[in-house]
Amino acid sequence: MNSAISVRHLTKDFKIGLRGLKLRAVDDLSLEIPRGQVYGLLGPNGCGKSTTLKIILGLVSGTTGEINILGFPSATAEARRRTGFLPEAPYFHKFLSGRELVRYCAQLSGVPAVKMDDAVDSALELAAMTEASSRPIGTYSKGMLQRIGLAQAIVHDPELVILDEPTAGVDPVGAAAIGRMIRAMRDQGKTVVLCSHLLGQVEQVCDRVAIMDHGRLVLEGRVDEVLAQRDRHLMTIEGLTPEARLAAESTLAAHGARVTSVTHPRRSLEELFRELVTGSRDA
Amino acid sequence: MRPRALWIACLALLLAAGALSERSWLSVRSCIPEIGPKQIEPTIGQGVLLGILGGFRTVIADMTWIRSYVLWERKDRPACETLMRTACALDPHSRYFWENTGYALGYDMAHWEIRRRGGYAKVPKEIQDHLFKSYARKGLEVLDEGVRLSKGRAALLVFAGQLAEMKLSDKQLAADYYRQAAETVSPPWYAARFCARNEWDAGHPMEAYVWFKNYWLDRLSKESDHAPDDLALIRDMETHLKINLLSRIPRQSWEK
Amino acid sequence: MTFLEAVRQRFFAFLIVLGAAMVLSSVAFRFLDFGHGELKFIADFGFGGMFLFGSILAVVMTAQLFFAEMDNRTALTLLAKPLSRAEFLIGKFFGVWMILGLFVIILSALLGLVLWARAQELSLLAEQSGRVAPDFSISGLSIFALLQWLRLSVVAAIVLAIAAAARTFLFAVILGALTVVAGQLQWIAQDVLLKPTESVVYKSILWLTSRILPNLQQFNIGDALVLDSGTVAMSSIGWVILSGLLYASAYLLLGALVFRRREI
């Protein structure tokens, strides 16, 4: 079984009002999420991706269809034992310290007592929260909350990690740190499913993406495959004089190619920001 | 476990709990002061419900009784009677409420009713007597219920006897009440004497004598002073009834 | 976790303070006593405080702790773990059960202290006037405290079952409160059921009601336990405890079954 998550013909109808009207949130969705990759699930608001996630996690039941996680039916405890989840805008009890929260989640996830301390330490280290772990969660910043949420999601060493908007409201430095953590998890052999509206980050972090709209799958594949415009090429040239440009254009035209635009490359604001403030940490 | 089986198990558990609850209720019911729908009906919405639900019964009973005083001042008979009866129902173990409700009904409310109808000069004597008797019976009903529920049985029985004697002029009924009072565990010292007198006045002198004699021998003679006044009354009875010497109570060494 | 969350809430502290104030003020209000006996009057304040504030605590706090998890979406995080819906609900119940226990223990201890202090004073006065001193039973008070804890646990289990199906906190609180009132008055239906009646339909409805709704009035034997110790047989108390435990279990199971089908 190569798929971490296997969704087959999933449909979910919600009943509205007393007249029994139905709202179809997911419409005959079939999806195979391979193991050991970072998978992006994208779509506009109301497209059904959150509903799909909830059905995968067993929080909502599908109307028809079948979902398996790592070979187990999704609604079973066995499947959930192998899954870690970070919800969107996570809320945790403010009176707990970060370490207490992660420990509590480790207990709920069935981590044996003998391995508890090591598991908690590893999770906190991966989430870069070791220094702040003894402070109450009520004192954490937004980025720290996301990172401690990540720690509680992975403390039991799950094979599959599902992250819903992990960088929402987090500054670019924090978002980049979370991106590094996601790649580190993939390198450990975990499968990461990422739901995000920050397309730039999805593009950088994910290996494969699926795009949903109106409850249906509209596109699925490797990131570089779906984004590449195979009929076009991009060259970055240094020291191009006007004469050299003319010569290059006529050579290309002789071979049947056409230069459609010549511009100066731009770096992104995020890159500039990170270049300038990489030294600041929000710990 | 299949969901349907779990639902059936849940229903079975509920029914079992209910069956057990019925049994447990029967076993503890006598420990809980009774209060039925009839008593609470007139006063629902006046804060009495809280007392019935289980908390503050005594306090709510006291507050209800105090409110009845306000209505007493206004001579509002129906409302006053309602609140007094409710106070009794809320705290049925307390003698105070039964006693005073019985008194109010038996002795006072007839006069309020007569005044309400125009006064003693206007209301015919027959109607007045009917009202006195009617309210005295109401008072006795209250005292009877108090005897059944409260802990002050002897005192309430004596009050009932007094009411029967003075307002109903029913000597036999009064004697019955005084007899019951005398036969309680700690009766008032005069209960037996009142019983004997009323029984005698009701036209049953021999029955009065026999009962009073046996009572003196069983209980009063064992008291520290041997109840000399009661023995004196028995001697009068013996003289009146011409009881032969062998059947009389033997002369006591301390008798004069 | 539920207990830790609940014990930090100001609402809990507020109710404890109110209940304690009620018990302590009973001594000041004893001039209102119309011959019940001072100890009975004081005890009644304590019983009333435990009943009123305990019921409020059981209904409101249970619903609040449940809906806080739903509204804050901590339930999402927890239920995504290998934790069954039943375990989640039972965990909530035990957290509430512990807080109710703490409440009952504090108030009972305070009531016991006030009763003891007043009993000592009355005992001295009785000695001087040659009368019998009123007394109360500490073991009876302990048993009464246990029964109140059980009664409130039954209420909490019912409110959890309601909350598992309800969409809003307010609905759960209102329905929970109505259930408490109905449970306290249910004995009327049970009494009617014991009397002969010709109407089969009427009897069937009463039978069903008396089974589904617990008779909460059976836990109110404080007077007999504390002030007339010896009038309640231990076997009777045993039946009451058993019926309470069964009801709590039944409603927890019902809540778990309803919650199983709830979409988070």
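A, B and C label the chains in the order they appear, each numbered from 1.
Here is the rule we go by: a contact is a pair of C-beta atoms (placed from the backbone, for glycine too) under 8 Å apart; a residue touches a chain by one contact, two chains touch by 3 or more.
Bear in mind that the values here come from a model prediction, so they are computed numbers and not experimental data.
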Shortest chain-hopping distance from subunit A out to subunit C: 1
Innermost chain by mean C-alpha position: C
Of all other chains, the one whose Cα centre sits farthest from subunit B: A
CA centroid of subunit A to CA centroid of subunit C, Å: 48
Euclidean distance of C-alpha centroids - subunit A vs subunit B, Å: 82
Separation of mean Cα positions, subunit C and subunit B [Å, integer]: 35
Subunit A, residues touching no fewer than two other chains: none
Set of subunit C residues in contact with two or more other chains: none
For the subunit A and subunit C complex, residues of the former touching the latter: 54, 57-61, 77-78, 80-81, 83, 85, 87, 89-93, 95, 104-105, 108-110, 149, 152, 162
Subunit A contact footprint on subunit C (complex, rising order): 1, 4-5, 8, 72-74, 76-84, 261, 263-264
Interface residues, subunit C side, partner subunit B - complex: 29, 32-36, 40-41, 44-45, 47-52, 181, 184-185, 187-188, 190, 193-194, 210-212, 214-221, 223-225, 228, 231-233, 235-237, 239-240, 242-243, 246-247, 249-250, 253-254, 257, 260
In the complex, subunit B residues that touch subunit C: 3, 6-7, 9-10, 13-29, 31-33, 36-37, 50, 52-59, 61-63, 65-66, 91, 93-97
